[in-house]
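Below, chain A partners chain B and then partners chain C, in two separate complexes.
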Partner chain A sequence: MKKVFAGIGGMATAMLLGLAPAQAQDTIKIGLIMSFSGQFADLGTMMDAGVKLYMKEHGDTIAGKKIEIIRKDSGAAGTAPDVAKRLAQELIVRDKVDIIAGFSLTPDALAAADVFTESKKVAVIMNAATAIITARSPYFARTSIPLPAAMGALGTWAAKTGGAKKTFTMVTNYGPGIDSEIAFQTAFKAAGGEVIGGVRFPVANPDFSAFAQQLKDSKADSVYIFVPGGEQPAALGKALAEHGVTPKTVKIFSSGELVNDEPLKSMGDAALGIISGWSYSWTHKSDTNAKFVKGINEMLNGRNPDQFAVSGYDGMQLIYKALEKTKGNADGDTLIAAMKGLAWESPRGPVSIDPETRDIVQNIYLRRVDTVNGKPQVVEFDKLDAVKDPVKLQLKADGKLNPDGTAK
Partner chain B sequence: MIARFVSLLFDGFAYGMLLFVLSVGLSVTLGMMNFVNLAHGAFAMVGGYVAIALMNRMGWPFLATLPVAFLAAALFSVVLERVLYRRLYRATDLDQSLLTIGIVFMSIAIAAYVFGTNQQPVQLPDYLRGRIVLGDFSFGVYRLFLIVSALIITGLMVIGLEYTRFGAQVRACVDNQRMARGLGLNVDYVFMMTFALGSGLAGLGGALAIEPMGLDPNFALKYLVYMLIVVAVGGLASIRGAFFTAGLLGVIDIFSKYYVPWIGGFILYLVMVGLLIWRPNGVFARR
Partner chain C sequence: MNAQTPGAAFNPQEVLRAQVRWRALEIIFWVATLAPFVLTPNYLILCSQIAIAALFALSLDLLVGYSGIVSLGHAVYFGVGAYSAGLLAKHGWGEPISGLLFASVVTALVGYLISFIMVRITHFALIMVTVGLCLLFGEIANSLHDVTGGDDGLQGVKMWSIFGIYRFDMFGRTAYVYTLVATFLSFLVLRRIINSPFGLSLRGMRENQRRMPAIGVPMKSRLQVVYVISACFAGLAGALSAQTTQFVALDALSFQRSAEVLVMLILGGAGRLYGGLIGAAMFMVARDQLADMNPQYWYFWLGLLLVIVIIFLPNGILGGLAALIDRVRSRRS
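So, the complex of A and B:
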């Protein structure tokens, strides 16, 4: 009799054990590593709002699998990349996630690259914008922007059409800043302009007046600016205005961050005329975008989305579309293969994932700050279609790009 | 050449004065009361958010929000002092640090919950913006305003602490609590008021800092390092020390960033290390 019970018990145990993995296979876990606190907390808020909005619109089930999100705070993004790496390891080893997404700043993504290569898990970069990131692991795909794509386009335009002859560059001294500085300078010189100087400021820098003074003393007729999100765009914008540097006296070219809503509100009329080259503004005119802006407005008490929100939204979109294609198979190699070449209509316009580099290909818009309904606002006036990252194009031309999109 | 030099000097000094207003309260609480108050930045943030809320939601003029920012931060600190701080007046430095850094993290989370993680946009009235041009020289109006504010605060503090009855009481309570108690002074009350004063100044500094430095929940932590540098280098409990140190540090920071930008962010710390090796108790320390 005892043996019978033992047998039944054993069978029951075996059934339970057998069932458990079957259940696990019905969910796909996605780990989000974002800066929810610290200097770049707002970036995390925006990216996450994009993720939430996409899931609200499209449900939490795809190809018969339930999507489960695990959120992790990478803290002071960019300044503690080891945290991002540790979180990636924990998510994969302990929480057994299938996909990881997020990454607020470049150092975070670079630090974690090896983790994905070794574990063969796909990671979707929703912000970190240095060109080289996607070449550091064959499992990276990006939905934000390779900075040089936008900054190269801006540099060419500034010299050819924008009437800038002698320019000065001001960038934050870290990966993306240097990346964008090189891209802008290279394109600007190739188009016949002259770079007469430049400065790179520290990532943590409360007062910009010394740099504003340098720009003023350089007698440049134009300036190129890159600063990451956070408090810096507004602080720099104000320091420039305070030193009499406004688009009326010096042509100002910048990436998207300087002309997001908050810095624009702080700068006021001093911002009128700033030219930026970027992939997204909430003022972009399309039905997809109107719906997206409305969704974010409702989610964030009336705040408008910025590039971080749209990258989070598209990051989720990429994951959903790829899972649909693989019929719910989240295996790293299968999933990344499915992502390559995917194309869709994003709130920022048509986008696709370059099958060679796994980086995003998108339109770059040239925009000017104008008064709309009595307030400074970004207005698109020109665009370049389907821009690829020039850095990786160059790598490819030099024969330094592997078939899987990593750099030699 | 001279115009540029004067301009840098002016910008640097104004930046220093902002650091001074933010730090002087810490000099009072840390220096006089001997309490390791790392939550000083949180009190500054309270002032900042009160000013922002009054301006952006209720349409108050900027200048009118300043006294309210002072009072709000002072009041908030009194509540904390009564509930938490006073229990730890005799505790070790480590206990005090743990308590106050905990308050910092909680304040960051609360601010993010109530106001969101975004930068709070602020538009000053026209009379505080732009520049005044005098021949070759030109000065930012808001920076001028910062300098004047800092001078007024310094004057009031020095007079208040050194020439008034309350100031004498504060000094008595700080120097020898038992004796002060024996003479019939209400030490508890004096400490509470002193703490409120220090925190109120932080609140005022927070409101003044929104324009040049911006405001988001991380404010409570972001500028703590600068505040501690000013207090440590200036010497504890020295209003003059904090004033001169903050001014000096501001000027050094701006000059080094202008002339040697590639290591500009670092020179400030080198100077701090040098000064502290020269005078470990602070440059203007009394003892």
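So, the complex of A and C:
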């Protein structure tokens, strides 16, 4: 008899699934796939704050069409690229979105790449930073950063000006980590430095003590560090400080994540002197940025924005500006064409979308952690103008880049 | 369940035959699985994932529900199946059906090797060892970055069309038909196994591990056989997942996946054939709807839902319904 109910249960399930959303003509739907929960939740919060701030400032109508945002969580399992892919499919098939944006981590974006190619929908990457992503679908555009652009610059600086001779690298063992490790090591060696060792830690890794010890044992005079955002930079910073690894004993070079506000707080004075090469810090001096910082402060109860917030903000900006150009036409081919070559003044300085690769072109700043008003803070001391992704420049030089910016 | 008429001569063959017989509601259930094509054509991707989860839960039911073997590491087989199918397709052989067979054979072999450990331990040790194995396999896949892609996932899985005609489309039509057929055929096989004398001996072992050897049942070899069968179907579920999403993530081997499938099974009702199927459907639909409603804190609601269901229906949804029917009947008589 229980089989009766098995049958009813199946029917009920089928019914439940029937709640399909209604369609409207005059709206443009944007699906956001971000890590709203789990280890990388903070990253999603920041990106989303950037999105919300831009919409607060510029309204939710563009070219006579209403912008509707649908948020999806890709973060519950730490990294679950198959979830990100399914969410992208569902957003397109089920929710009928016109544009997708977000992508906290590289694997998420890579897994979903085929979906955009097949559906011809534009996807704006607001964080995932591996160089190759934009070459995987002709409908990708990126407003965050191709990691090698910043890390190559940092590697050269470290060996030439920074006084580092023997370095050790510590990166997260996945696309962006490996990408940045290669970029830093290559540039560092080319500039006359020596790489004496390195570790790669798992993506979901809450404790860094063992790795900090390895670094100490290696007797390197400098270290290069990359960790994705979320809870990890603070945990790593703490482990380094506990093991006595400070810029006084070992020169520390890193990407932007390690010197965001939260990790700086947990490292305290041990962070003074860390050198980072990155595209954005809230301390960047410009009117656009002052306004942006104020907006995020208000939205997040006094927290300062980081690169995730600025990428989210610029991601929306790119979508708005492109839609303005196409007069509200969100068709994939039209929209991506409109995005190519767009340039604007971002809180991080002048940025543009490279028409060849659809990747962002921006300034890379070299910054040092210093005491400002009694607190450790990032201070810019040098910059490189309009840096393009070296990986795709190399692809182009090797003739491996298609006209639409995908890799052969 | 299949109560004998009092006074009638007990005929064991008849008992088994009665179990094998198809009931009207089972047929309704399987017909209902076709409803999404008409009612919810936008949800076919989710439906295909439900079918995969259902098959996975069913394979676990064979161990947990029917044989009394606890396992918190069943994702090992799901993952092995997924990676075998994914790697095969990535390295040039994208034919789905042979891929499925390949993956299930590989997983059955892995299950066979592991079964030598499993038959030697019981209870808590079993939980420890299965969790350990799950972590072990997860870490192996993670460290073989060049083969599996590690945390980046296995990319470049390209599936050919089924029979050279039906390609895996973005709407999930092919995926759902494919997974549904595979799950249904697997269900037929598993149903037959469960209702065979062999299946009966499994239930015997679940009920009394001492008495079964006493009546001449070779426990260890039976357990090994059931272990291999269970692994094989879990691998099949993994392979289906790899083929329909054309992607394999480390998550396929995660402890979370092992735990989730157990939750689905308990939610639906273990040892009840349809328990895993219903549980998987309920769990996946609840998760999908809750995550849509509240992307930040949906795990809270999912947790709450599970706690409530288990408090009020300790034997799962089907167990609860069965108890309800019994009560109604006894009141009537």
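To be clear about the criterion, the second predicted complex is superposed on the first by the 380 of 408 C-alpha atoms of A that agree within 3 Å, B and C clash if a C-alpha of one lies under 4 Å from a C-alpha of the other, contacts with A are read in each partner's own complex, and residues count from 1 in each chain.
We adopt the following convention: a residue touches a chain if its C-beta (ideal position, glycine included) is under 8 Å from a C-beta of that chain, and two chains touch if they have at least 3 such contacts.
Quick caveat: nothing in here was measured; it's all calculated off a predicted structure.
By the touch criterion stated above, A:S37 is placed in contact with chain B and with chain C alike. In the superposition on chain A, contact of A:S209 is made with chain B only, not with chain C. In the superposed model, A:D385 makes contact with neither chain B nor chain C.
Number of chain A residues touched is higher for C, counting chain B against chain C. Once chain A of one complex is fitted onto chain A of the other, the partner contacts of A:P263 are limited to chain B, with no touch recorded for chain C. In the overlay built on the shared chain, the residue A:D26 is in contact with neither chain B nor chain C. After overlaying the two complexes on the shared chain, residue contacts for A:A111 are found with chain C alone; chain B is out of touch.
In the overlay built on the shared chain, the residue A:V199 is in contact with chain B alone; chain C does not reach it. In the superposed model, A:E324 makes contact with neither chain B nor chain C.
Counting contacts by the rule stated earlier, residues 37, 41, 202 of chain A appear in both its interface with chain B and its interface with chain C. Residues 1-7, 9-11, 13-18, 20, 36-37, 41, 71-73, 76-83, 85-86, 89-90, 92-94, 106-107, 110-111, 114-115, 118-119, 172-175, 202-203 of chain A are the ones touching chain C in the complex.
Residues of chain B touching chain A in their complex: 4, 7-8, 11-12, 15, 108, 112, 116-123, 129-131, 138, 140, 142-143, 211-218, 222-223, 226, 250, 253-255, 257-258, 261-262, 264-265.
Interface residues of chain A facing chain B in the complex, by the touch rule stated above, are 37-39, 41-42, 44-45, 199-202, 204-207, 209-211, 213-214, 217, 230-231, 234-235, 238-239, 241-244, 261-263, 265-266, 268, 300-301, 303.
Chain C makes touch with chain A in their complex at residues 23, 25-26, 28-29, 32-33, 35-36, 39-40, 42-43, 45-47, 49-50, 142, 145, 150-153, 155, 170-172, 241, 245-252, 254, 256, 272, 274, 277-278, 281-282, 285, 289, 291-292, 295-299, 317-318, 321-322, 325.
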